[in-house]
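Heads up: the structure comes next, in structure tokens.
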């Protein structure tokens, strides 16, 4: 079996725009799942609302496409009711961190045995490009026409502070690393959070001077810096440019978890 | 003027149970405010729903007693619409961290110039003693009749991860320190979060082997440990008992803030 | 200045009896009409605030007042004002 | 094994042209019916996966496939299977 | 016949438990009908708490107490708020160690709290003393039913104490006589 | 008289902007009435996009296009989905550099994308070329009105290019002749 | 064998759910419904069920929907403010045809209002509170006994019709204790599982699709978007949407008589009370105290879908009197179905109508 | 001097708000209302107003209520799912008598439904969607011009009656562009400030209290709990609650005729359409195409409080035909007020009734 066997091929091509990174993230996630020797009938994908949240609709298992922001609350019900199911959540920065922020921190706190893959494109893609809680300062969106002035969240820091067992950040460029991180998340009992920085050429790239899809992927490639490297830079007194973001595994611990398969 | 001048004396005595720490926290907060030379007509108290959230009803300024969990969202409207107003929020652990968790992290992220005093009694007092997201593991409540099994939040860590400028934790025993912390919060532009651990004799103490109010206050006194001391203990390889909690100023920084008085 | 407990507010929690460094508050023993046992005062003239408030022009110590959850502790002006000499016990 | 782009899925984003270490994908130049310019393949037999998949019994490299956001990149079995000798350019 | 019993006192006296026990005795052990209600709300916290039971041989339709014919009063404030208006043909059992007013109706003075503290060593069972007295003077449920209902309702390990309290109440009522 | 104009093409061609410009021209500079609508929804993303304008001298009540009499088609898929059913008495302006089918109705073949790319250097203005052609062959709004509406709507700095594109469209239409 | 108990309404509600096989309870505490949750917290763990206190009511509603898709009978309990917060996810349950039971112990609104006082102010909200057109089932208990029985029945209805079912009780019934007889066992009609090979949203003759339980290999896609019978999103085809929504409504409204549950007293009466929930108690008191045959009662246990046919039983009715703890929400509905005058007898503030209130109304509308 | 524009409905809505002095807009994006927000995001900063995108719709509603208490005219815009989430805080606004404007660009429901298609499925929700009894005002525009005018009027009504006012538009009107004439200036009637010495919730003859703006020294306490005229909580006194809720309802329902805004065509007609929002367009097309005097139209611009008196204008009406983009929500209301048949003409899925749909209905109900 390969990751391609997990797609509902009757629904492809999906609705994502040309060059949208969501498809890449789905590939990496499914590739990780494909290695877990999970049965399809024991696996459930759950999501909220957004471009990213359309992902479960393209996957062949049971899938629950819920209301905006609430995926983790639905997932809590599914997983607690039947811990034998493997439950994976796809979400977006808006879905998870704007309207869904509370369910996010509570699922982390409870440390429920779920794996969350957040496609962070730093924008509301589905609704046409409004600012999100992860839109960087100064970036343009339809609701930040003069440049975003609110500070963004660091979703990984939030997840750690709230109690998640596994936390990592990669990008749509780092497909192999992302696949491995998702796999590590799937294997870790308790709550796993994998943030995948990704491109939304239509609604983020276009407004923020990324002419080509590849430019934005390149940006992700060059602006992600491994935690160890970042720490080395700090140690050596180097100034860390504001637009760098940390990538890599940021937390792995083994706090008691809820809903773990018996 | 003393802090007593800030009370609506026509509404005293308040509805709090005998020995409830909420009254103490209100005193300390008003004492801090009394030092700010703020005009009463420029000061607004806002709250959600809960015993703690009844506080604004006893204070003589304009006050907005809103819906459960939403105080910070209302406060955002008030403060952004009129930054000349001094806005202070009273909330409880349930109000702030259960239903209100999302508004909490977003207000921290935006770093809006608000001061939040959270009366953390580790229980839902108003509704008769259900577990809250800060109820310690093993504690009894009406919805954790076999001992709480979910891990609790560290509210201060959350506030820091989410972006607040000022964060401190004290208890109803540490009245003077609490007063000073609130004052520091009021003076810091941006979001200030002061967590006041406090006793709910009726719904927490009674069920968790605190026979007397004073016993629970004593517990708060003896189980709060200053950050510096805690670090020293760690350094010296001492094992830190699970039921200790950190007190003191935990964050003071000067990130750009929203809604600051012009 | 005279220390006083407002019986209409006090709920008898006895926190004041724990926090005063001079142990001025003592647990009472007679319930009032509401069933509340209000603490009694033991030589309140020992209170730092009673003695020195006028001198310093601000509230001193005040721990009991800050602590009292029911806003039941006050100082009232004595008429005429007569500073008392008191022996302090440490 | 033969590398192939599924024209019914490809949306012409050209990400494959950036990620392949062998630069097997080249930007195309003719729009198809939907207005999409599908990339062209430059000597796909150079692909690590084409050559070694059968040998190792699993997908190798596969970066283009993982990256392709539109699930448009596949390998199809060649009938009959004829392993090709190719010169690798580093 | 429909009887309406009103209990009042302050928080912590077990006013609500008393009503529940009485209702339970009627329903489970005397095969009667009963409806128990109480006052909720923060206003009830500080001041007087109140609870009520209706007991009848027939099914009870209207579940609210409007005109109690029996009162159990355990605090002065409770008396003022919930007992002072008792009509002359009502019966009141009051804790004479805490209530100093007296009603116009027939009244049994039971020093329940004092007796509970001094004789039984725990003032917490004063409400059970009052229940014993109540049943003795009104016969609203049988003593056997009350005893079983008490045993159902009190914490494990306190059964003997509570039965002693009930008996004490019965005893006090027997000697209290009625006034006026 | 009520005219219904339907635009179709693929995303990125400026199909919606074309309709808005046309409506604006009619309303603001020809003092007519116009209603512009379009297809939203994720289904419109990948495939053919569509937009429509109704233009009339009188106020427009029913705002939806049901039977367009004028078509502007800029992609093969757009033709198939939105243009193939055009009745014989309709008029169609199509981008002959992208659409290979032909309708039953009167049709003007404008190689807009090719001309935009080759002559004007930016294929992004193909839609404006089409607008110029449309106005030339239908007179649905005045050329002056169209010009002003274009100037209102295009990004600063691209005015000259866009007017050139419009003129190019007018020119191409003049020579295109109608088929069949 | 039955068992006698002296229970609070909220306890009876929880016990009725347990007896009906409810094994998942997600909640957020709120007066005056909290006792339902507290009882579940004690009992569910002993029955290998899941009790979970969620972060808010939105999450509670979400959690029970999620649990329901694993095949569990799932419930939540709340009151006004929490009920308002559930509205979006209630619409999701309706759209995805998820069986679930929502208990609303009604208190005085609007807003925080009167947390500890009774009301019936959420009856219209229960029917229309989420956006868009849909239909639901709502039951109203008037005694502790009915709290038990109707809660249990709610699960059967939810499973049979694949719809959220509401137990619309009130603070009076929820908080009072009274005598109740517990049956040995409550009969359960489980939901109909999807047959293999049939599409997961393809309706049967009753317009209800079989249930594709998660984890059984159906590979079902469940979405709140407009979807086809396969379950796939289909959001711009007007016909698909119209057919879906019409079916969701028809499967309930067409089953009106089968769902109906009511009690008729004195069908020949000229003055007829129509009541549900706590006010039924006063009406019955009045009937008991005034044993004249010309006063009738229609007690509604099902309020939605509204059992309008039950009104026609009262052939001689000259007036319908409708005592409610709201400003006439169901009187409004009755008015749509009868020709004779409908007199709304609203009562706000938490008190029940007294018998003399109703006797006065009988006099006034002779 | 007026100005001609070719605007989208949602733009006109935003501009109408700005013209009416709205200086605070709190929102959360949702199709098909997003353009209102996006326009505000561009324009408000230039007018020293506040545009803030909140974390969700609950927070948006909260923020505008907060802003309103500082004296600002404040608005939010949303669609179905977001509207459902706002219900609790809408009830709070009603209870605390907070002036505010809520725009709902209706799309196909229930649930996520059809995000990009038009509907009018939230009309009953708008009236009854929050728990408890209360009343609100709802306006329905049928053109881009009316989007502008009714949004502006909404602020005056909100301030005058101290109530949340709803602009219940639909995707068709919100998304279409058409000709609109902009007045130079929109007259504004500001809210009546509380007189010093009067209690902050003491009503005037119109049952409306003066407004105690925050920051002016009133020391007002605003709570969603049942409160007395001082604003203090008073939650167990039935009389206080009943009086308060009755006043909140009466201040709106008694002003029914003053609030009413409707258009009458052919008052002597026998077949009368009643319509609001987009379906008005089809009806007007039918009237235009069939200039017979026996077809009438009642266009409702105010839908709540329902202007029932307007129905009586049609003295010769033999049938009322009600085309709606829902399953007959307002037809239901009309039915309560007239004796002649009311024919609901529902249409779901996003398409407007075509003129021939309505002509066929005219034929069928001759």
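Letters A, B, C, D, E, F, G and H mark the chains in the order given here, with residues in each chain numbered from 1 onward.
Keep in mind that, in the parts below, a residue touches a chain if its C-beta (ideal position, glycine included) is under 8 Å from a C-beta of that chain, and two chains touch if they have at least 3 such contacts.
Keep in mind that this is a model prediction, so the values were computed, not measured.
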Please strip out chain A, keep the others put, and tell me the connected groups that result.
-> one piece
Intersection of the contact lists for chain A and chain C | B
Which two chains have the most C-beta pairs in contact?
-> G-H
Provide the C-alpha centroid distance between chain D and chain G, rounded to the nearest whole angstrom.
-> 58
Averaged-CA centre spacing for the pair chain H and chain F, given as whole angstrom = 37
So what's the Cα centroid distance for chain D and chain H, whole Å?
-> 57
Please list all residues of chain F that touch 2 or more other chains.
-> 41-43, 46
Residue list for chain H, restricted to those that touch at least two other chains = 31, 55-56, 58, 81, 88, 92, 111-112, 115-117, 223-225, 235-236, 351
Got the chain D residues that touch at least 2 other chains?
-> 11
In the complex, chain C residues that touch chain B | 8-9, 11-15, 17-19, 36, 59, 63, 65-72, 74
Chain G residues within the chain E interface of the complex = 4-6, 31-32, 115-117, 171-172, 175-179, 278, 281-282, 284-285, 288, 351-352, 354-355
In their shared complex, chain A is touched by residues of chain G numbered 24, 26, 50, 52, 54-56, 58-60, 62-72, 74, 88-89, 92, 212, 214-225, 232-233
Going by the contact rule at the top, pick out the chain F residues touching chain H in the complex.
-> 20, 23-24, 27-28, 33-38, 40-42, 60-64, 66
Interfacial residue positions of chain E with respect to chain C in the complex | 10, 46-47, 75-77, 98
